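Once you've had a glance at the structure underneath, I'll fire off some questions.
Lettered A, B, C, D, E, F, G, H, I, J, K and L in written order, each chain numbered from 1.
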Amino acid sequence: MAKSILILNGPNLNLLGSRQPEVYGTTTLDDIHQSCKKRAAEYGMEVDFRQSNTEGELVDWLHEAKDSHQGVIINAGAYTHTSIALMDAIASIELPVIEVHLSNIHAREEFRQNSYIARVALGQICGFGAIGYEMAIEALASHLQ
Amino acid sequence: MAKSILILNGPNLNLLGSRQPEVYGTTTLDDIHQSCKKRAAEYGMEVDFRQSNTEGELVDWLHEAKDSHQGVIINAGAYTHTSIALMDAIASIELPVIEVHLSNIHAREEFRQNSYIARVALGQICGFGAIGYEMAIEALASHLQ
Amino acid sequence: MAKSILILNGPNLNLLGSRQPEVYGTTTLDDIHQSCKKRAAEYGMEVDFRQSNTEGELVDWLHEAKDSHQGVIINAGAYTHTSIALMDAIASIELPVIEVHLSNIHAREEFRQNSYIARVALGQICGFGAIGYEMAIEALASHLQ
Amino acid sequence: MAKSILILNGPNLNLLGSRQPEVYGTTTLDDIHQSCKKRAAEYGMEVDFRQSNTEGELVDWLHEAKDSHQGVIINAGAYTHTSIALMDAIASIELPVIEVHLSNIHAREEFRQNSYIARVALGQICGFGAIGYEMAIEALASHLQ
Amino acid sequence: MAKSILILNGPNLNLLGSRQPEVYGTTTLDDIHQSCKKRAAEYGMEVDFRQSNTEGELVDWLHEAKDSHQGVIINAGAYTHTSIALMDAIASIELPVIEVHLSNIHAREEFRQNSYIARVALGQICGFGAIGYEMAIEALASHLQ
Amino acid sequence: MAKSILILNGPNLNLLGSRQPEVYGTTTLDDIHQSCKKRAAEYGMEVDFRQSNTEGELVDWLHEAKDSHQGVIINAGAYTHTSIALMDAIASIELPVIEVHLSNIHAREEFRQNSYIARVALGQICGFGAIGYEMAIEALASHLQ
Amino acid sequence: MAKSILILNGPNLNLLGSRQPEVYGTTTLDDIHQSCKKRAAEYGMEVDFRQSNTEGELVDWLHEAKDSHQGVIINAGAYTHTSIALMDAIASIELPVIEVHLSNIHAREEFRQNSYIARVALGQICGFGAIGYEMAIEALASHLQ
Amino acid sequence: MAKSILILNGPNLNLLGSRQPEVYGTTTLDDIHQSCKKRAAEYGMEVDFRQSNTEGELVDWLHEAKDSHQGVIINAGAYTHTSIALMDAIASIELPVIEVHLSNIHAREEFRQNSYIARVALGQICGFGAIGYEMAIEALASHLQ
Amino acid sequence: MAKSILILNGPNLNLLGSRQPEVYGTTTLDDIHQSCKKRAAEYGMEVDFRQSNTEGELVDWLHEAKDSHQGVIINAGAYTHTSIALMDAIASIELPVIEVHLSNIHAREEFRQNSYIARVALGQICGFGAIGYEMAIEALASHLQ
Amino acid sequence: MAKSILILNGPNLNLLGSRQPEVYGTTTLDDIHQSCKKRAAEYGMEVDFRQSNTEGELVDWLHEAKDSHQGVIINAGAYTHTSIALMDAIASIELPVIEVHLSNIHAREEFRQNSYIARVALGQICGFGAIGYEMAIEALASHLQ
Amino acid sequence: MAKSILILNGPNLNLLGSRQPEVYGTTTLDDIHQSCKKRAAEYGMEVDFRQSNTEGELVDWLHEAKDSHQGVIINAGAYTHTSIALMDAIASIELPVIEVHLSNIHAREEFRQNSYIARVALGQICGFGAIGYEMAIEALASHLQ
Amino acid sequence: MAKSILILNGPNLNLLGSRQPEVYGTTTLDDIHQSCKKRAAEYGMEVDFRQSNTEGELVDWLHEAKDSHQGVIINAGAYTHTSIALMDAIASIELPVIEVHLSNIHAREEFRQNSYIARVALGQICGFGAIGYEMAIEALASHLQ
């Protein structure tokens, strides 16, 4: 049976592509979904791609992943820096989780330097835009072998 | 067509007037809604007045504002001090946003001194109770001319 | 009429017992619900036992408690350390609130040392696992006399 | 007899309009004086409008206000962030004092985040340029009723 | 043979009941001793109840406990926040130790937020006055089974 | 020839006695002047007693003291906590300087804990109200022998 | 009956005069005792003068003072900066307590800047050597009238 | 002509594979060199792969890259956290630079959380071991198109 | 017409030469004035040399410079470290401003490490005594060409 | 006459060898006493070896050392990190004092990084277990020559 | 014999003029060398002008200076902020050392505010570009007379 | 075969004895080499004694030690406080490493309090001058048995 990975997107990522294209480019979240699907297929994996602006819903989805997916890729957006709840959820589900950010968070405001996700994730990829998701799929595929 | 402004109220503001009247007075959130409606009308503007205790729902509503409103007034309550997600949402929608607080947050506990909203808002009004909302409407009307 | 107490459980507590039993033991949240019901009955009290991963829903439930319960026991999980909204909700409802944690949060990571709940709660019990909830019921019963 | 309010302006505000108009606009301090006079008149109030670059002179003027004015609006400029003497003066005179800033100080350098004035003022208005003074007059009029 | 527990009380607790009754109530330390004795008896346990204002004497008593008691309840008072020596003593004796405070230390001055005891104790109970000792006995009894 | 001491009073001390008598008592600065004169006379000393709200004027007066006085008593009020200029002036004049405060500054807000004056003063007396000035005179007299 | 005051001296003060005379002078603690006795007599007061190197013993003596003395003067030496226990003891006994230091602690190492004693004392006198004790007696006499 | 990328490895990376294999695995730096060569070839790129324990030599090599390479991948090891010189060198050469770490530095000691490299790099990849270098090559290839 | 530069001297600099010659040497402020006049003449420039102990007067003088001078050299003394008002004045006048200090402020107390002036000045010269003023004149002459 | 050195041991060191042997080994404090005696004899010195859990008693013993010993070796245990009283005692007695720790305190919890003892001791030896005492004897013997 | 001064340049300064000319101008390090030679000649001094990217080599060169030069001018670039080794080297050689920076480091990132060099240098010149080196030569010549 | 130990000396230690003899004494690094050789011989060990001012060279030498020596003694000088690279090198080579400092670094500037070496070393010896090296040899010999 094909492996399935959950790709979670946090607050404001639904605006991608339609807002401030001069900053974030014209790639939409759906474009990313499609390229992820394609890249995952190369590794024989399926993707379950979701977005929510609510911290609690992201926690709920992480809980669901335990029994239905083999790994998680998460771009938690602003919750990356403030959510101990997401960190605890990741620690609880005992799946490999990879953290992705479109921008290089380490070159931005100081309050974006802390990542609660990173403390429990396998690793972090940031600064490469949409292609970062594909790189995460490769890393996850490699890890799941 | 009349301009429309979104007025958002964050956590615990639904309790206004019915709880601790000795501290917060007897003005209810609905009273504020009515006085806002009246003041906005003076500037030929309509108000869309909402309250939620959920951070993600406030983010959702800010996203909606982009295509249906010309400006936003937000009293984010406790999320003012903790929500980078709200800050990012405000930055994303590219509308003028004014921050209001009933109490003077700068004269309270230290953890209420930081406002993520203020970093991306047009300006801040605090300490004047319900009339602060009306002042914000004036400031927004002035800005939108 | 029997007194009723609200017992609130925050993010990730729904996983209790079914995840990482080597760390958190095999007691489930439902087991705790049952033992609370039994202990409360000894004091002639009923319990309303809930869990949510969403900060806003916990705030909503605290608001409801004002008119339907005589006291609250809360294990706010990760929101303990980050939620000023929950703190404000507790301060608003003017009910006795007792804070419980399964683990000894003071012996864990530094970011778990701060409790916004504790600033407005009657007291705190932590480190005793499921029995902490029963102890909280005793303390609340004693307080309500 | 008409109520009288003192409007104090701190260091560098005398330069307003004639310096860096691309940043601060072309409105001069005298323009603000005139619009304040007009707005105050609507509430049956007179304004006493002053500016000084010297901390001690601002303290002196606050002392005078006690017996000759019913309220104070203060834009203390840079002294906002460094002057405990002004804070103590405000606390001593027991008049309602409203803090105004032309720019949004919360979105500027970190050393401008602290306001000693705000700890003892009724409230704060910032980020709205010259119209902020008028809003302060409304707030003060409302408070004095 | 009956299990025996050591209950240690730190500096200033000898004044309990006879000083500032409006703050700390009229319960004396001896009252607490009696109620502890009674509650412990319910679990078939004896209590050895002591108080000292000297850090070194509390360390000495903890050392003694190793060979004569099965568990310790400690209200170290002010030494809670400053004594690494007590922390090391607790770590050395390898007995279950429960920390109790009459007041909710987390809602007091910032220098009372740190507890060296908590880093090595089984758990902490605070804010419930004298009944907190009884709760500690229950927790200890439960732990020792 | 009689020794002469300069007694300097900083910002807001001119209000003493006529403002907030419930906090600061009804003793005026002139009352203090009189009692200082009397106490100084016991030691065969004259006093030169001044007050200013302007930091620079206090610096000027300290400079003058070098050639006309044998010692200085200073209650720099709010400038105590912010004025490196006063500290440097005191260091420059090479006279014995004693720091006085009416209230116990160490039991007030954290920003009142720092005293630039204290780093270069002979000693500090605080918390004793007007009598603190008299004690300073005794200390200065003793030092000048 | 004559009023009696307790004068407490903390760690290392027993060495006064016999050690490092080039730093601390040749005045011994007994010399201070004598001059205190003399000065107190002027106000019709008796002194009970003690020294201990043990924190707990100083706490014990403070407790005793409640019923046998009308006020306390304390030079807690190094415990000034580290002892919350002494602070709590002072708060508990509800007597006027005056803090004295031989040297100007505010001009020494940073860890000597904090005084737990000062938070609950009437006031503080430091930097005047032995005469500071006499000044404290005057302040206490004045306060007790 | 084939594009050429410089891959720099900082202090202690020469030990890879031969030291602490239970921690870092048995992959040697040469193994990484080979897999990089292979992956780069897929994108028609050549790699220049170097290692040095000396900060200044790494700076020298970055300078050389300007005229001979189209991009840089750098695992600066411990210098990541301490070298402003490397950061300045990267900023000076105006080439795209990607930061790689074998381990997840965000889950390690606090002094490893700061990366001077990240402030000027395109992005960062960490936590994926040797495959992280290959991902960096993909990101660089994608960026250079 | 000859270029004119304003040379401002802040608090306590008037004492130069006549006080603590063993520390600051015997050069007086007037000596510096003369050597500045001479050096400026070499570049065909005139100097306007002033000193004040009052922050507000220094701000006033900076404002005047805009229309009458081509550049400013400022030794703000202690106000360097505390005056945001001076920093704002410098930013407002849009003239080249050079900061000078007689002593090496970076090798002194920590509170002298911060310079608000330096954030908006062209550059800083410190540690060279009176000759630093002459160097500043050279730098200003070079900048004004 | 043989030189005599005082070897002081602080809190919890009396438990050495009989507690947690897997951590601290089976060497008892008496074993260390014996090996110290032997090593000291090689240098013609006698040892006075003591242990106390009370800070004040350690201070007392240091005072005694002045007239009866030529040097001190101290393992102050937990008091190392909290006792300014011990630091002051060491500074007062003007004897060479060497600090010893069984474990490497610099590789333990952050609150063990500070040593008040080290600020006034000749030097520090830590991390070598019981042999560290012998090394201290050698260092002291060398210093006393 | 002519006096000789060593002028040291730290990391990345070799790139001057050929990189980012829009930021750093087109002046090369060799241009600076030539203008230094010329200016030094005016004072009858020779210059030994060097650059290295390696901290240790800069330390080596400072050591050499002791016996062959009369003074040092150092622009340590990024090592200014991180190298205690350079600071120790400067302190060891007991020559007058002047610190130069092309840019105004006090107006840049916070991590560039600290200068280990400044703690032991005669003085600092920054923000004047290449002419700063010439000013340093004047200051050094003046110092060496 | 004789055991061999590597003794590494960091920046500026080559100057020992020939520079500032009033501070560091007249013992040269070669003198220390000789006394180390002699002491090591007593334990049947040989010493390989080196010094470098370059961090990277010290890292290189630590790597070499793995296969040729049984233990390391390191006085890393200024790099002690700044080099994570040296710390990582020590951790990598899995040899016992002892840290030595001539002076008592804990009694010096605050930036010398942190030792990255100490986190991974067996133990630390500081403050005893040259004899500290010999003590380290004894400790290493004892550890290697």
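Note that in this section a residue touches a chain if its C-beta (ideal position, glycine included) is under 8 Å from a C-beta of that chain, and two chains touch if they have at least 3 such contacts.
Since the structure is predicted, the reported quantities are computational estimates derived from the model, not experimental observations.
K.L.:
Chains touching chain H and chain J alike, please list them.
P.N.:
Looking at chain J and chain H together, the chains touching each of them are L.
K.L.:
Trace the shortest chain of touching neighbours from chain B to chain H and give its length in steps.
P.N.:
2
K.L.:
For the two copies chain D and chain B, is the contact made of the same residues on each side, with over half of the numbers shared, or of different residues?
P.N.:
same
K.L.:
I'd like the angle of the rotation relating chain J and chain K after CA superposition, in degrees, nearest 5.
P.N.:
Rotating chain J by 120 degrees superposes it on chain K.
K.L.:
With centres defined as the mean C-alpha position, give me the chain K-chain L separation in Å.
P.N.:
Using C-alpha averages as centres, the distance is 31 Å.
K.L.:
Please compute the C-alpha centroid of chain A, do the same for chain G, then give the distance between them in whole Å.
P.N.:
The mean C-alpha positions of chain A and chain G differ by 63 Å.
K.L.:
Rounded to the nearest whole Å, what is the centre-to-centre distance of chain A and chain L, using the mean of the C-alpha atoms as each centre?
P.N.:
47
K.L.:
Hunt down the residues of chain K that sit against at least two other chains at once, touch-wise.
P.N.:
Residues 54-57, 82 of chain K touch two or more partner chains.
K.L.:
Every touching chain pair, please?
P.N.:
Final set of chain pairs in contact is A-B, A-C, A-H, B-C, B-D, C-E, D-F, D-I, E-G, E-J, F-G, F-I, G-J, H-K, H-L, I-K, J-L, K-L.
K.L.:
Quick one: in the complex, what on chain K touches chain I?
P.N.:
Touch list, chain K to chain I: 104, 106-107, 113, 115, 118-128, 131-132, 134-135, 138-139, 142-143.
K.L.:
Sort out for me which residues of chain J touch chain E in the complex.
P.N.:
10-12, 14-15, 19-20, 52-57, 77-79, 81-82, 111-112
K.L.:
So in the complex, which bits of chain B are touching chain A?
P.N.:
Answer in residue numbers: 54-57, 59-60, 63, 66, 82-85, 87-89, 92-94.
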